[in-house]
Structures are given as C-alpha cells and as structure tokens.
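Two complexes come next, and they have one chain in common, subunit A, joined by subunit B in the first and subunit C in the second.
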Partner chain A sequence: MIQPAKPDLVTVNIDGKEIAVPKGTNVIEAARLVNVDVPHYCYHPKLAVVGNCRMCLIEMGMPAVDPATKAPVMDPATGKQKINWIPRPQIGCGTTVSPGLHVKTTSPMVKDAREGVMEFLLINHPLDCPICDQAGECKLQEQATGYGRGYSRFIEQKNVKPKRTQLGPRVTLDDERCVLCSRCIRFSKDIAKEDVLGFVDRGSYSTLTCHPDRKLDHNYSLNTVDICPVGALTSTDFRFKMRVWFLKQTNSICTESSVGVNSVVWSREGVIYRITPRRNDEVNDTWMPDSGRILYKQVQSAERLKAVESLEALVAKAASIFKTSAGAISVVGSGRSSVEEQFLTKKLAAALGAQAHLVKRAGEGDKLLISADRNPNVRGALVTGLISQLPCAELKQLSGEIDSGKVKTVVAINEDLLAAGLTAAQLAKISVVYLGTHANATSLAAKVVLPTLTVFEKAGTFVNQQFRIQKFAQAVPGLTGAHNDLTVLSALTAAAGGAALPSEVGTLWPVIATETPALATMLYKNIPETGLLLDATPWAGLSFVEGETLHFKPAAPVAATV
Partner chain B sequence: MPAPAQHRIIFKHIDEPGYTNDIDCYLRNGGYEVLKKSVTRKPEELIDEVKKSGLRGRGGAGFPCGVKWGLVDRKSGKPIYLIVNADESEPGTFKDRYIMHQDPHQLIEGTIISCFANNVKQAYIYIRGEMPEGARILEKAIAEARAKNFVGPNILGTGYSCEIYVHRGAGAYICGEETGLIESLEGKRANPRIKPPYFPAVLGLYQCPTIVNNVETLCHVRYIAEHGGEAYSKIGTPGNTGTRIFCVSGHVQRPGYYEFPAGTITMGVLLNDICGGPLPGRTFKAVIPGGSSAKVLRFGERYKGKRKVGPDMVDYDWGVEDVPMDFDSLAMIGSMGGSGGVIVMDDTVNMVEALANINAFYSHESCGQCTPCREGSLWMKKISARMVHGEARPQDGALLKSVADQIPGRTICAFGEACSWPTQSFIIKFKDEFDAYSEVKKTLPADRTVLV
Partner chain C sequence: MAVIQVERKPLSFAERTYIPQIIGGLKTTFKHLLKPPVTLQYPEQRPEISKNYRGVPTLVKDPNGREKCVSCQLCEFVCPPKAIRITPGEIPEDSPNAHVERAPQAFDIDMLRCIYCGLCQEVCPEEAIWLQNQFSLSGYTRAEMVNHKDKLYELGGTLPDAHFKWDKKKAAEEHGNEH
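After this line comes the complex of A and B, so read on.
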C-alpha cells in the first residue's frame, strides 16, 4: 500500500482546541477535524470556492505581535499570547489556515451572523417541506433547526418563481426553493465540462435556468441533484417516490465500468429506490454518472431468470453433462463477477480440467468516471489467477475448439456467448451450462440454467482499474428462485469432483487469502469502505484498454508493445 | 460673506462658452503638452509624484492612488491592465459624465500618462451602459488622439505603445464595483469576486495584475504630472489633498457641480453660500454627503469628539453646517465623502418615503450573490414600500433597522454596506418619523407628489 507524502502541517486553534492540519486546508475542513460543524451551503469540498452563501461566517483572529519588534504581545490576564480578533466575521470556506490562526464558531457574533443568514434564506423560501423530496436530507431544514431563530418576522409577499422546470431528461427544478448557492452551475461547468446552467435576473429575483437552447442532459446531471443543498433540484425518477428516512442505505460499487464508482444503494423492504455516489477521494470524489444510477432497475426486470427446480436438481443435471463430456469442457468466466466468484470459477475450471476464458467488454471512456473497460472486475480475474492474459475481443480460441469438436460443453457465467462472438450453430453443437441473472440467447440455448443474483442482492469485492479492491454489500434479499453465485459455483465445483469450498464471502476469504499472493494478508471484513490499493507490479506488462479518467492515469505504454 | 471662489483644476473648461470636446480645442488650450513631457520622464518618477501628491481615489472609497499603484504585482511577467472606471452610477453623483462629455481628452491624456507610468499596454474605459453619448464621444476622442499619435503604437516616437478601448456596461450599478467590473469586462455576470485571493492588483482582468481608477482620479493624475506631487499636495488639507468636486442635488437654490480644495469649505458654506441656501420658505432637514449609500446627516445634530490637527488632538463640536467637506472629517462623524454626491432634503421631505426610494434602488441593483445583501435589500424594500403604499405598522422602523443590521460586513463586496447604511442611518436619526408614520400617513395631503 502506498502512503501519501506527509503534508506540511499548520497548527490552528478552533474553539479552544489546538489541531495540526495540512497547509492549504480551509477553516470548514479544519473544524471538521475537531468535530466542529461550520454550517454552509455554497461550499463543497470538490468545487471551487465562491463564498456567496455567507452561512459559514466565523470569528477569526491572529496572535498579536508588536509591529516594531515582531515580538509576541502577551495578555497579562491569561499569560498567553494576545489574540487580535478581526471585528468582522469572515467566511470559513474562503479562509485557509495559517500558523496560529484562532477561530471562534460559537461566539455571539457568529451566532448572530448565522441567524441573520438563516432568516434571509427562509424569507423567500416556500417552506413546503411536507411535500418536498429533500425533506430529511435538506441542509436548509437541518441548519434552520440548528442555527436559526425559530420564528419569522417576514410578513411581505414572497417572491414567485417557476415551480417545475424540466432542466433535462432527469432533473426537475423548483426555483422557489433554490438558495442560489451555484453549486450546480460550478459542477456542470468545472467537473462535467458542460456549461449549461446559469442565473438570469438580479438580486433576490435571480433564477437558475439552462442557457438558451441547452438542456441539462449530460451523463452527470444527477450529481447536481446530489449536491443541491435544498429541494430545488430533484431527480425526476425519484421525485415523489419515497421519503428518504424510510430508506436503508447500503454501500455498493457501481458495475458500469472499471472505474469502480463508490455508491450507496437506497432500499426499503427489498425494493431499491435510488443509487447515489459515495465519497471516495481516490476514486470518484463525490460524483457518479447518471447511467450507473439506473442499473438497479435490472433487479426487478421481467427478464430475470428463476428456477422452479431445486438447486440440487440443477447441479445434478449439470454434473451429468460434465460426466458425459469430461475433458471437453470450457469455462467462460466474467469480468462482471466479483473477486470471490472469479476465485470459485477458477476452482471450478480446475476441477473440470477446463480452460477459463473471459469476455472483453470495451466502450468509449468519457475521461471522467466511465472508463473504456466496461467490465468492473477484469483485474479481479487477473489477481485471482482466473486468467493470465487480458481478454480478447471475441472468443476466437473457444470458437475454433467448438468447430474442431475439442470442446463439447461450455459453462457460461453470466455472459451471452452469442454476443461474445459465438454463432447459434456453434451453440447448437454444444451443451451449455448457464449461470446468470437475466434471460438471453445463451440461456435459451442452455441445457441447464442456474439463476443467480445481481450485484445488489449479494456481497463481494471488485478490483478497479487502479488495482484498488473495493467491497460491496448486499442491499436487498435475493430473488426467489435464484441462488447466490458462490453457492452455485461451490456446488458445481463439488459436483465436478473438486474440493468442498465455503460458499459465503466471510468464510471463503481465508481460503482466497492463502491461495492468492496479492490478497495474502486480507480479510473481507478488514477491507475499508474506500478500498485498498493492491500491488499492481505483476501485471505492469499488460496493456489495459483504459484511458485517463478522474484520479486515474494509465501507466505509460510498456516498451514491449513496440 | 461672499461665497468663496471655486478652485477648478479638473472642471476648468466645463461649461466654458466656446469650449468643445474635439481635439483641436483641447490642443489650443495646451492639451497633451503634459503627455509630451511625461513620456520623456522615467515611469518610476511619475509614480513617485503620485505617491507624493497624496491623491486619494475619487470613486468613493478614497483609497490612496499611489498606494494602489504600489500594490500592483510587477514581477509576475503578466501584462498589467488599467481600467478606467466610468460606471458612474451612485445616485447623486454626476461629475465623471461632465468630464467625458465635455472634456474627454483630459481623461485620455490622464489615462495614457497613468498607463505609461505603470507600463500598461492596454487600457479599457468601462463606461456605464446608460451613457451611450459619452461612449460615442470617447470613441471619437480616442480616434482623434490616435490620429495625432497620442494613443496607439509608438506614442510620440518613444517606442511606447498603448491602446485604449471603450467598453459599454450593460446597465448595472454593481458593475462599478471593481471586481464586478472586471467580471463584466470579461463577459460574465458582474458578480464581485472574493478577496482574497482576487485582489485586482494581483489577479484582476484575465487573472493579470490590474489597476482600476476612477475617471476623475486619472484627471488628477494628469494635473499631478503637470505640476508635480509636491504642488498638488499643497492644495486642500493634509491627508485630503487636491480638489473635490461636489455634485449638489435636491432642495437648494442652485444645485450643480462645484470644485473646491478638499476640506477648505464646510457643509454650511457649500449649501448656504455657494448653493444659495434652502428654497424660499423652507429649511434644511437632512443631507447625504457622499452619494446615496453614505449615511444621512440630520440638521440640528451635534458631532463631538477629538481630532488631530497637526500634532495635537483638538476637541471638536460640530453641527452639520460646520463639517469640513473632506474624506476624514465626514468619516469621523459617521458618514463618508464617497463620490461627492451631496443630496439635500428640506422639511417637505418625508424620510420614510425618501428611504423607500433609496431601498427600491438598492434592491434592484443587488447582484444576488451573497445571501444577506440579496435577501436583505429586497426585504427592506418590501417593508418600506409597504409602509408607503400599504399598511404601515409602528414596529416597522425597528424591523427595518434590525434587517439592515444583519447585512453590512457580511458580504463579498461593499454593496452590503451601501444598501444597509441608508436604512440604518435614516432610522437612527429619524426614528420619530418612522415610528409615527402609520399615523402621519393618514393625514398626508391627497395632492402630494405621487411616489413611484
């Protein structure tokens, strides 16, 4: 594991607590380190500082020095160096720490400033929390409760603004709720590189809108909903569906590409309602593509595979196929399977004496959070030793072996062989044992179909493009009639004559750790929520397909490719 | 006592019969001679003259011009820009417009001298959107000066080149705030920038060091280059050197512009002797001394304290009429010299209605960036408009004051102060009127001037 370089530290005093923080930290972040909350709206750790909401006003002072001699001026009352407090409140977001900086966040001046800003923010706000989707996760609600006066002196007419503007296909805007923090504008412009949002009109009549003839339709538009501190920007998909406090949050990993975006799956009673990004400063910051957020819809798809027969009966059928075609079996594993599943796939292939293949799934990278490799876990297959070379575009070798009659049975794990380059005629020649979640041409042609679970219904780990192993947890119960992939794989391995292997993530890991050098000292439960970086040197010679994305630069092409 | 004579150095030719704004007239009156001399001098010498002169910026804040030039980052290797702030929008102020309309070459000469002193290759005149005539005149004047080689490449054969461009604003008060102006000039919304880090002297226009000076300030620079900083500093009083132009409007016999050495006349002399006093049968009630955002002064109040005269501290006890018209004295009594716009109100003015007017202006002009100013200015407008046009409540004065108190010092730019100071001062000084307005309103004559 690579340790970051130790940054220069600066000692500051926040509400009487001394803390050393890295140089360049601002007061909001420094205060967070001593568990002091500095309320804010416009400030976002991953966006440019504009300092316009004025909620993070704090009282600030520097140790006094004699202007002539530069000697510290002591306060006889306390015996400590005197602090020159600035008579005006300063913004915490725009103030970077300097040695000896003193900050007060609870003084009367700060309290008064916060009460003032809260009152101003609420006077033209519709206060429609009972029908607002943001309720429960609204900064305006939280900070009004925490720092407001609790009553209103406003008896005038509130400003009237558009209530339901469709900014784009996925985002709905209520301008009356907007506090004009400009986070969404800065996100679109600086992070998504699509400058489509802006304010029109002036003063309190300022209104958020799209530029003329533009739409908020880029693939990162839902991040504006996430960072909107109030209920102004809402997800058209999630709007009016469910109160957020009823939802269970489960940490997950997005399977859209090898970036491995950290996510949170929000579910209630076995039904997923939305997916949002989870902060990981080394991977996705706080962002996530829109396309990854709708993947949960596959869980309740009508195409889901279900079995009427018991797992034992299905495994017995597969076992008899294995017996009849012994020595002529091939395994097609998947870059979408978890590390644990790939480990068991390797075990299954070994028990069958079969060669393991992997299906390549490449697309265009978007230079941000979607990489060119659309398999989330090709590196997992390398780490577990399921494969030793990168997958080819089509299963050419397997295709030849089927034609020559060398392979008579294929175990396909969640991969459509037709989409991977085999023909219907080839499939007709062989027996297919299919493990998968959704019906496709291969499952239709298969002799035995073993229904398995989607990523949301099971736990496991993926290794992303940085060789960072990241774990995901089970968000919802598995579909009736489908079985956990690990259970199926371990049963098949046993049926193929292999050693009995644990079929649960927790118990399987000690086995994985003993047999996999790169994962030698790890256990599933010990992997932090933000993942662990593995040593990638054994695979440095491979030329991966990924281009540059956020927090990832492809290794310089190795000389061998010349 | 006869009215003291004006000392016109900037407004020397304003409204002079026969004086036109073309270059021939300017040259006949000794125009561009100062530039010819200046370009033979060392730039540092010119900066020193300005520092020696003690010239303070005439845009409103009164920041020393020499200090401002001294802060410019000259080591960055980036070009330095000079912006002429001609976005004169403070209600009650109308001095820069006269200069641009009637004596544009004075401004151009001052600008080129300042550019030469600061090694500026490009200058912009950011002129208020509502002054199309001024923009046309300046365009023409720049073309004339260019034809005579006072502007453009290789000025007067010295090898020094400088271009001046005129840029028209789109009509917003906030464009006069220097960082808002820079944003606007870059083609964006004029949202003022946060300082730090965006000090114009370091990260100004296009993230390059930038000097932003008021029109009148640059004309003073021309005068300083001609007569020397030493001579200039003898005009006026120490710390408040040079002349000041007062734009007097409102209820006086002779409103208009008047140029006097700073601090040499008092408010009483200005209003009574020079402007002819109140209209017949009326008495002065209040005066705003430095543009509508300055705190109002009430006739009849006394200001007491100690002030520095030479090396000594001297007690002072002034009425409004006794206050010397300079930056420091006006600041001492809790107001400001600002842009020199003196707004006079007599006993016919109802202060609640006057404030409603001012609040309407500031709420319309807030850029909307910072919460306190954006919401506070409109709230104050809504309250004062309701008092005037709808139901006034006895507690509204106190509410207004309390709203205003939540704004200044908590915003990115000085607009927070500009929009809250009128309300704060009106209510402190005319509390009786605000408290009683709900009753007074019932007895107001029906034929009085209808308020907007």
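After this line comes the complex of A and C, so read on.
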C-alpha cells in the first residue's frame, strides 16, 4: 500500500519498491535509499549535476491519466493504475523525483544502455590497471565488472593523449584514463573557486587540461584526486606508494584548524600512506585541504622524541622538580591536545596548585575548511574547564610571572614556549617539564622530557568550532620510547599528589562525564562518527577568532586576529 | 560372526625345497640387471623437469631486457602464506622504459614461507613471475632463504614474449593520433 506521504515527501516506486523521499531528491539518491545501485561517474552529491557521462540511464514512467478527464487509467490485467513508460532511457542524476514516479533500473533497456556506455568509455581507455594507482577503488573497474559487456569488440588503434602531466605541485594527470566526467572541473570552479581546469578539443579527442598560464595549485587540489572516478588524477605524493587494498582505514579528525575536518587515515603495518576526507555533511561535506593531508609525515619524522629512560624514572625526576618549586609552578596546556588530555591537564594543574594557560595559535582563515584558529581543540579546553577565558597572545601573563620570579617551573604540554612568546632568557630562568612529540627549543631546554604520541597514534576527541565533539581513533601503534599522553599525565598527576586517574580513553570518560557539565551522560563509545553538537550557551559571551567557513557562521562579532 | 575353519594345504616336495621360488626371484633380478637403470646419480645427474612443473618462483625479463614486473602487488595480495613482499617504485623519466611508469624497488620472496602453489604466476597480469624448474633450495640462515630482486631475476632469466604490449604502447605514443 502507498502510505500517505508527508507534504515535503514524494512517494516513488523504484524497481517495485515504494519509498517516500524528500522533494528535490534525484533518482540516484532515491535509489540509494532502497539499496538500489545506479552506476554513475559524473554525478557527485556535493557538486552540480551536469549529466554528461550517461552511465546513470534508467527507465522511468508516470501513472497514466486520461487526458480529458484527468481520471486514472487502470490496467485491467493488474487492476492497478497503468504506467506510461517513457520509450527511451533517462538520466537518473538529472531527474528529480515527482509523485508517483516509477523507475526501472534492471530492465533490458537499462542493461543495454549501460553496456553501451561502458563500451564507449572503454574504447579509448588504456586498460593499464596494473600500473594505475586507482586500481581497487576505480569506478570504471567496478562498473565494467558489474555492468559491462565483458569483452571488447574494438580492434582499432586507441587514442593517444598526454600522460604523466603535472597539473600542479600535488596532482599528476593521465589523460588517457580520463572519462571526461568533469567532476574536477566543477569542483575547482564551484567549491575551490579557482577555475583552472577545462576540456580542449572535441569528440574522442577531448582532453582535460589546465589553463596554460596557471597551475592546479590551490590548497584543495587533492580533492580532485578523491572525486576522480578513474585513475586520471592521481596524488603525486601517494603515486606508486602502495596499493589501496592493503591499506587499513581509520577514522580520524584533521588537526589543522578548529574546523575539525573528518578524515580517514590509510595505513599498512603501522605506516601511514595517505589521508583522505570523510563525508560529514555538517562539517566538511566530502572535502579536505591539501595542507591537512601531509600531517601524517610528522609520525615518521626524524625529530620525534624518544625516551631512553623508563616512564617511572622520568616521572620521578619531574616529581622532584615539582617538590623543589612547590607553589611556583605553571602549566601550559595545548589547544592541540584532545579533550581527555585537557581534562587530565586540568587535574594536573589542580594537583600542582598551578594556573593553566593555553597557547593561542591564530592564522588566516580561507573561508572554506581552514579557520582562523589553528588549534583544533580550544573549545575542548573550555568545555573541560582547563581554561575559562580564550587564550591571549604570547603568554603575556606567564611571561610576567616568570620575570617577577613568581613562576619557577613550567609544565609545557606539546607547546614550544619559545615559539609561543617566551624569550630564551626567560626559558633559561625556569625549569621546564616538557611533554611532547617532536624536538624543539623547549624540549632542548627542558629539565625533563616526556615523549608522547601524535594524533595518529592515540584515540580521543576534539571539540571543533561548532562545539561539535568528534572522536578520532588510533591508526598506527605508538612509537617505541614514547608514551600515551594520558598515561604520562595521569602518572604526573599522581606524582604531584593528585588522585589516581584512569589513563585510557574508555575508562577515563565516565570520570570526565561526571565532572564536566557539558559532557554529562556522554561516553566515548556513544559519540557518533559524525560527532555530537554540545550546548555552547555557557561560552556564548566569548569572542572567538574564527570567521565564516563552510557550514559555520560565527555567532558573536569576530575579534581582530593577532 | 561365524568362524570358518580353512584347512591348510600341505606343501609339495618342490615347495618344501624353496628352490623354484629362489629361481623365480633370481629371474627377475637378472632381467633388471641387463636393463638401463631407472635411478639417477643425484646431484651429479639431474632429472628432466616437466614444463608445467611448479618450482621456485622467479621474475623474468622480456627479450629486450625490460623487467616485466610493474609492481602491481597482485601476487603479494594473492599469496596465501604471505611470502611475497614488494616495495613499488617509479621508473625514472630518462629511462627507455619510462612509459611503463612502474617497476619494483624491492621484491622479496621468502622461500621458507612459499608453498609453491603458483597463484602468483596465475594472477600476474604482466606474465612477469613464473614458477620455473628450480626445485632444490637450501641455505644456512633464514635470511639466505629470502630471494631478493637480483636473485629472482638471476633465477628467472628471459622468457619469450608473445605480446610486447608495452612496446606497442610506446610505438603508439610516438606515432600519435591521426588528426
């Protein structure tokens, strides 16, 4: 029975299955809801519909009505309303649903149409899957297998087109593989607002080219590689590095800025090979900046800190420093630490009787997916109560306290104090206990260095600019000689005389939930993969530095960036 | 079950002397003495290996000396005991084979893991890996039992190529389109 549809819903029939879908949905998306696959190349849910690949051809029809009386025409054989099928196939991407629309995706006409399109696409395709980086995640491979004829009738010479063209610093183009879907062109024009790509020549000689005087070098160029359904656009960084079928996918969050781009980390045997965006319609759609994709290189960096001594010995050293300078300690937390780490930082600061500071890291936003606040988790520090005011530039208060001799020891958590605004002279005056991943001026000057893990080697949560709490998982095992930040922080808290706290995300969360009003009733495992919006009203009075980005509008007037 | 008692036949005189049996046995012995031997003096003499024998997996080059493997890693994927390990690499632009684009940087087959199943040969889209006729393999250490790329090409040698698909590709590239 057809259920009476809600006003904004339209009931359609796809392969005999009735479904109510929102108005304006196209047939591909409607079919997806009833688990019917309509193959396509040029259609992308986040790009304009052009309908030039012709792969999504379907057969459609409308219930018949008498032209004069508008009364339904019944089919005496079935007793149901007759369907007037359109004699030629239609494209699914460009067809929006209308009430009573009937769609066939498995009829002989559709099968013929798909086989024909596949055959035309494969005529000039080089079929070099063994050397193609897209193999394994290639729509042409999948759909040739699923909907193709299975053999070739083409005996003529294939077209020759430019191969190994460097479109920009990060993208390599193989024109022979291109199926002319124009996704990359639409992305560059509509999303990245850099209209540098286009087709030249006609017919089967059509070639994707970059504007002769320009390069595909904007900070979103690698998204064209992601959306390329075939292996025409490949990432120069990932080119020939590893086959995708060996790679393990781990959901992660990009730490580049407070946008909190959802990402997938692709690794094999503890080595990360690439980072790609993960679809989140509320945060980043399906896009990601190029600059966030190379952050994985920090994991294998030669600058990584490694401990020779055991964690116990290092914590004991830190404890003796804490004892000698009791009452004159300050903690510099980080907006790049996870919510869990910031919670433990707060506990550590409380146990030491120290004041917690946060380092401000402001840049320029690009109005798309990089915000002005380059700390991914300043709001996490507000939510956990590590700080109550937004971090001020250059640690002014701390540097004043060091000059006056009020602070003799600083616990720095993954923050280079010199880069944050302190001077070398000030650094020499104090004892520094440094927790961090990479060597820098502060780690060199520190009395005790506790090596910790990068974001790819641990699990946790970040709170992005929308006050959306998003979780990231551990992609690769931690470096030998480095310890999880939570382990180190809870050991330091215990050494400073605080209560023993769990050092694992799962067991720590019940403690966080009971002590943090904004996170009450939440657990790490209950946070959905697309994140959870927190109530931001307690912090509505603060003037955050972020400007407008994709899916985000600042609520309060924007403060001047420093 | 019922037990049936069978009466043993008494032996005849000739049978009791054993002489006919000894003569019969010696007849067989002398018959084989004059025939050519069926055994081989291994390892000096080596058996003839059939063409479809699955020996040690090797990498081969085409008659022009181009390494056929393009490091697509399908053999690494299909290998049931995970004996194959490939580090893919890019062919430099100045090489005559630059149009092939990919070649293995490193190609290791752990012969302590290999089970000689031949799936790597079956899956190879470039006909680059062949299980040839080497069957005896030994070493003093585990490391010695890992065949690296150089050893694999040394074992594999050159195989005739019926397709020369990459040469045709290069010729087409140089010829260009007719328009």
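Worth a mention:
Operating definition for what follows: the second predicted complex is superposed on the first by the 549 of 562 C-alpha atoms of A that agree within 3 Å, B and C clash if a C-alpha of one lies under 4 Å from a C-alpha of the other, contacts with A are read in each partner's own complex, and residues count from 1 in each chain.
By our rule, contacts are C-beta pairs under 8 Å (C-beta built on N, C-alpha and C of every residue); 3 or more make two chains touch, one makes a residue touch a chain.
Worth saying up front: this structure is predicted, and the values here are computed from it rather than measured.
If you put the two complexes together on subunit A, you find that subunit B and subunit C both fit without a clash. Applying the stated contact rule after C-alpha superposition, one finds that A:Met55 touches subunit B and leaves subunit C untouched. By the touch criterion stated above, A:Leu33 is placed in contact with neither subunit B nor subunit C. Judged by the touch definition given at the top, the superposed model places A:Gln157 against both subunit B and subunit C.
Superposing both complexes on chain A places the Cα centres of subunit B and subunit C at an angle of 90° as seen from the Cα centre of subunit A, in steps of 10. Of the two partner chains, subunit B is the only one that A:Ile123 touches; subunit C does not reach it. Of the two partner chains placed by superposition, A:Val511 touches none, neither subunit B nor subunit C. Of the two partner chains, neither subunit B nor subunit C is touched by A:Leu532.
Contacts of A:Leu180 after superposition on the shared chain: subunit B is touched, whereas subunit C is not.
Set side by side, subunit B and subunit C differ in how many residues of subunit A they touch, and the one touching more is B.
When the two complexes are overlaid on their common chain A, residue A:Ser206 makes contact with subunit B while staying clear of subunit C.
After superposing both complexes on chain A, the closest C-alpha pair between subunit B and subunit C lies 10 Å apart. Once both structures are placed on chain A, subunit A residues 157, 159, 205 are touched by subunit B and, in the other complex, by subunit C. Those residues of subunit C whose C-beta lies close enough to touch subunit A in the complex are 70-74, 76-77, 88-90, 99-102, 125-126, 169, 172-173, 175-179. For subunit A in complex with subunit C, the residues that touch the partner chain are 126, 129-131, 135, 157-160, 163-164, 205, 239-243, 245-246. Within the complex, the subunit B residues that touch subunit A are 172, 189, 191, 194, 196, 363-372, 374-379, 382-383, 386, 399, 402, 406-407, 409-412.
On the subunit A side of its complex with subunit B, the touching residues are 49-55, 57, 88-89, 91, 94, 112-113, 116-117, 119-121, 123-124, 153-154, 156-157, 159, 179-180, 198-199, 201-206.
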